[in-house]
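Two complexes come next, and they have one chain in common, chain A, joined by chain B in the first and chain C in the second.
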Partner chain A sequence: MTPNLELTDIAFRRHQQVILDSVNFAVSPNQIVALLGANGAGKTTLLRIIAGVIPDFTGTVHVSEQTDPIAIKAAISTNFDHDLRHSHQRLLKYAQATRVLWPHFDLAQFETICEFFELSTAKHLDELSKGQRKQAQLALCLANRVPLYLLDEPFDGLDLMHQTQLQKGLLQFLPENASVLLTDHHVESIANLIDRVMILHHHTIQADTSADQIREQRGQSISEYFQSFYQKED
Partner chain B sequence: MINLAKSLTKHRLIILGLCLIPEVLELLVMTIVHFFRPVQVSDSLSLYALLLIIGLFVVFTFFNEQIWRHDRYRRLPLRTSQLVWATNLANIGAVICLLGSQVLILWGATMIDRHRNLRIDDLPGLNPVAVAVIGLLTISLSLLAGWGVISFIHLMTLTLKARLPLLKQLLVSALVSIMLAIFVLVFVQLLLKGYRILFLPKWRIGYLYHIGLVTIAPAGLGYQIVELLGVWLLTTLGITSLLHRYVETSVVA
Partner chain C sequence: MKFDDRIPIYYQIKQYFYQQIITQQLQPGDKLPGVRQLAVDLTVNVNTIQRALQELITEGVLFSKRGLGNFVTTDHDTIKQLKHRVVSGQVAWYYHQLEKLGLSPASMQQALADYIEEENHDPKS
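The block that comes next holds the complex of A and B.
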């Protein structure tokens, strides 16, 4: 089956410092992949390169076999497209404006997802709590019906209840054959969500294995696997 | 592209609407005051028009930057040229709306002055509203051209900086800041020069009317149109070719 995302030899330097080097991987349809790594490893940078907002990298990004940068942008939805912090707009108005700008955005789906999260679309964006903002970001992201979703720390700073609710929402409203590439520092909280784990270390992907393999063959939790990786380094 | 332009125009108009509030208030106050003592409403409004023009210039520059700085815009599946033209269209839309509001306000003010038998000017054969329209059009075109220059410099800097080491980036920033400072100084000086003329007895209708008279000759307006087209052409070609990779980033390098 054609991968939803394929990266070949991605390299990126900032201020002559190597951030990413020889990053190669592919993500198949229906896969939820966790991109793990220490702070500053380059996870967010890699997501932003795939999303098309960082210039001057080398290598190729293919999304559903598309190579045209504009087609790639249209085929990706991210949670960092929607900052939502500095506006007094109502959530529904914001979603209506988003629908106008994005070709695959489904407003009815957005309202359904908000109902699922029990989030009022009449709320002003600057009145949303942190948990509600994360819900709104995910609802906006998932209402864009595309093959690839990039989620940068979607559950960061949330209590367990909110995390569980968001994860349920993600699984319920993810389109068929779509893939997710997400980053998170709280490895254990996403353990039940993910199919595959990749560890970004020393500028490249150092480990790439399925979550089941970690649990069944290694007898480790995802968190233990992640920690053992760094202990090996020490 | 049209949708983005509409969305951007709406944002601009909100700010422009706020800029117009003091002007409308002033019109109301002056209308009341003129029943008690002789004042010329159109003169007073011209000061606000001047302030509005400076504000407008800042607002346009600010909004232009939003597109390139925010992921919300940079993530849009539009080509660089489409983004550039969406911004251009939005600016034109905003200027047209502003132009309409200014014409209406100045026309209202002129009518009030006429009602009180205050003579606008002794120059024969010129319709004051037409002169004000041409004046506003001229200023709008100059502003758009100015905005184009600043936008071009800004985006050139971004592209250059992305390819240079840190020290050279700082150097480029410093040079560009100096260039922009000179540009702004020259611009303000021109505006002030125009404003001083306002106080000469012959030009009683105000700054906009004066500008209109100065440029009513086809050469004046024609010059502004050519300047605007030249700057737009340069900006659009420059941005589209030089900044192709800045927005359309996911390409093989």
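The block that comes next holds the complex of A and C.
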């Protein structure tokens, strides 16, 4: 199957400093891939490059075999498009306005996902708790029916119960054949969810392997494997 | 379900189904939930569920009906063998643990007999 995402020789500098260099990988349909790395490794930058938010990089981004920035934008959904903190709008109104911007946004699907999260769409955005905001962001993101989802720390700062509920929502409502690329600080909390791990370190992808292969061949947890990249240097 | 992150998840899912079948919570001929439903129930990605189910099908523990889903085998011999395989696997693990402690086969038998005695006569509070 053709990959939903393919990166070729991605490089990016900020103020003369190398942030990313020679980043190459592809993500197949149905994969949920974790992009792991220390703070400041460039995970969020890489997601933003793929999403087209940062334009001045070199290399090629293919999303569903397309390279045209407008086509790419229409084929990607992210959770960082929706800040939601600085508006008094009701959630439903916000979603209705969002629908105009995203050609593949499905409002009925959005309402179904909110129902799954037991999140009232009549709520005002600035009255959402942190957990509810994460729910709303994921619901907006998943209601956009596209091949590629970019999730930047979608479960960050939530208790275990809310994390599990969001993960179940993701698994339930992910479109058939879609791919997910996600980042998270807390490797343990996403260990079940992912089927592949990439480690971004020294500006590039240092490791790219299946999650169960790490467990099977090394007898390590994903978290131990991740930490081993940093211990080597001590 | 709580997973041990040092053991492949697909393997743990297989063990989970073995247990369900051996304890008859899943009966011969029972239909399993769909792949996505299992993924949501266990909070595991779809590929991992698929790998576990595929191996169970290859082992003959499950069978797949095109377009209808996956079912528990109705072959009682297969289930009997499965039970035997899972039980001996557990016993083998404990055997090797006790062997590492330097116990002789006779002391192992004694230790197990003593343990069973204690478990059944001394009600846990």
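Note that the second predicted complex is superposed on the first by the 234 of 234 C-alpha atoms of A that agree within 3 Å, B and C clash if a C-alpha of one lies under 4 Å from a C-alpha of the other, contacts with A are read in each partner's own complex, and residues count from 1 in each chain.
The rule is short, and it goes like this: a residue touches a chain if its C-beta (ideal position, glycine included) is under 8 Å from a C-beta of that chain, and two chains touch if they have at least 3 such contacts.
Note that the coordinates shown come from a computational prediction; the quantities given were computed from them, not determined experimentally.
Superposition of the two complexes onto chain A shows chain B and chain C fitting side by side, with no clash. After overlaying the two complexes on the shared chain, residue contacts for A:Ile50 are found with chain B alone; chain C is out of touch. Considering which of chain B and chain C touches more of chain A, the answer is B. Applying the stated contact rule after C-alpha superposition, one finds that A:His82 touches chain B and leaves chain C untouched. Contacts of A:Ile32 after superposition: chain C is touched, whereas chain B is not reached. In the superposed model, A:Leu101 makes contact with chain B only, not with chain C. For the superposed model, the angle subtended at the Cα centre of chain A by chain B and chain C works out to 160 degrees in steps of 10. In the superposition on chain A, A:Arg215 makes contact with chain C only, not with chain B.
In the superposed pair of complexes, A:Gly40 makes contact with neither chain B nor chain C. Aligning both complexes on chain A leaves chain B and chain C separated at their closest CA atoms by 28 Å. When the two complexes are laid over each other on chain A, chain A has no residue in contact with both chain B and chain C. Taken together, the chain C residues at the contact with chain A in this complex read 3, 5-11, 36, 39-40, 42-48, 51. On the chain B side of its complex with chain A, the touching residues are 3-4, 6-7, 70-72, 74-79, 162-163, 165-166, 245-246, 248-253. Of all residues in chain A, only 15-16, 48-61, 67, 69-74, 78, 80-83, 97, 100-103 touch chain B in the complex they form. Residues 30-32, 164, 167-168, 171-172, 188, 191-195, 211-212, 215-216, 219-224 of chain A are the ones that touch chain C when the two sit in their complex.
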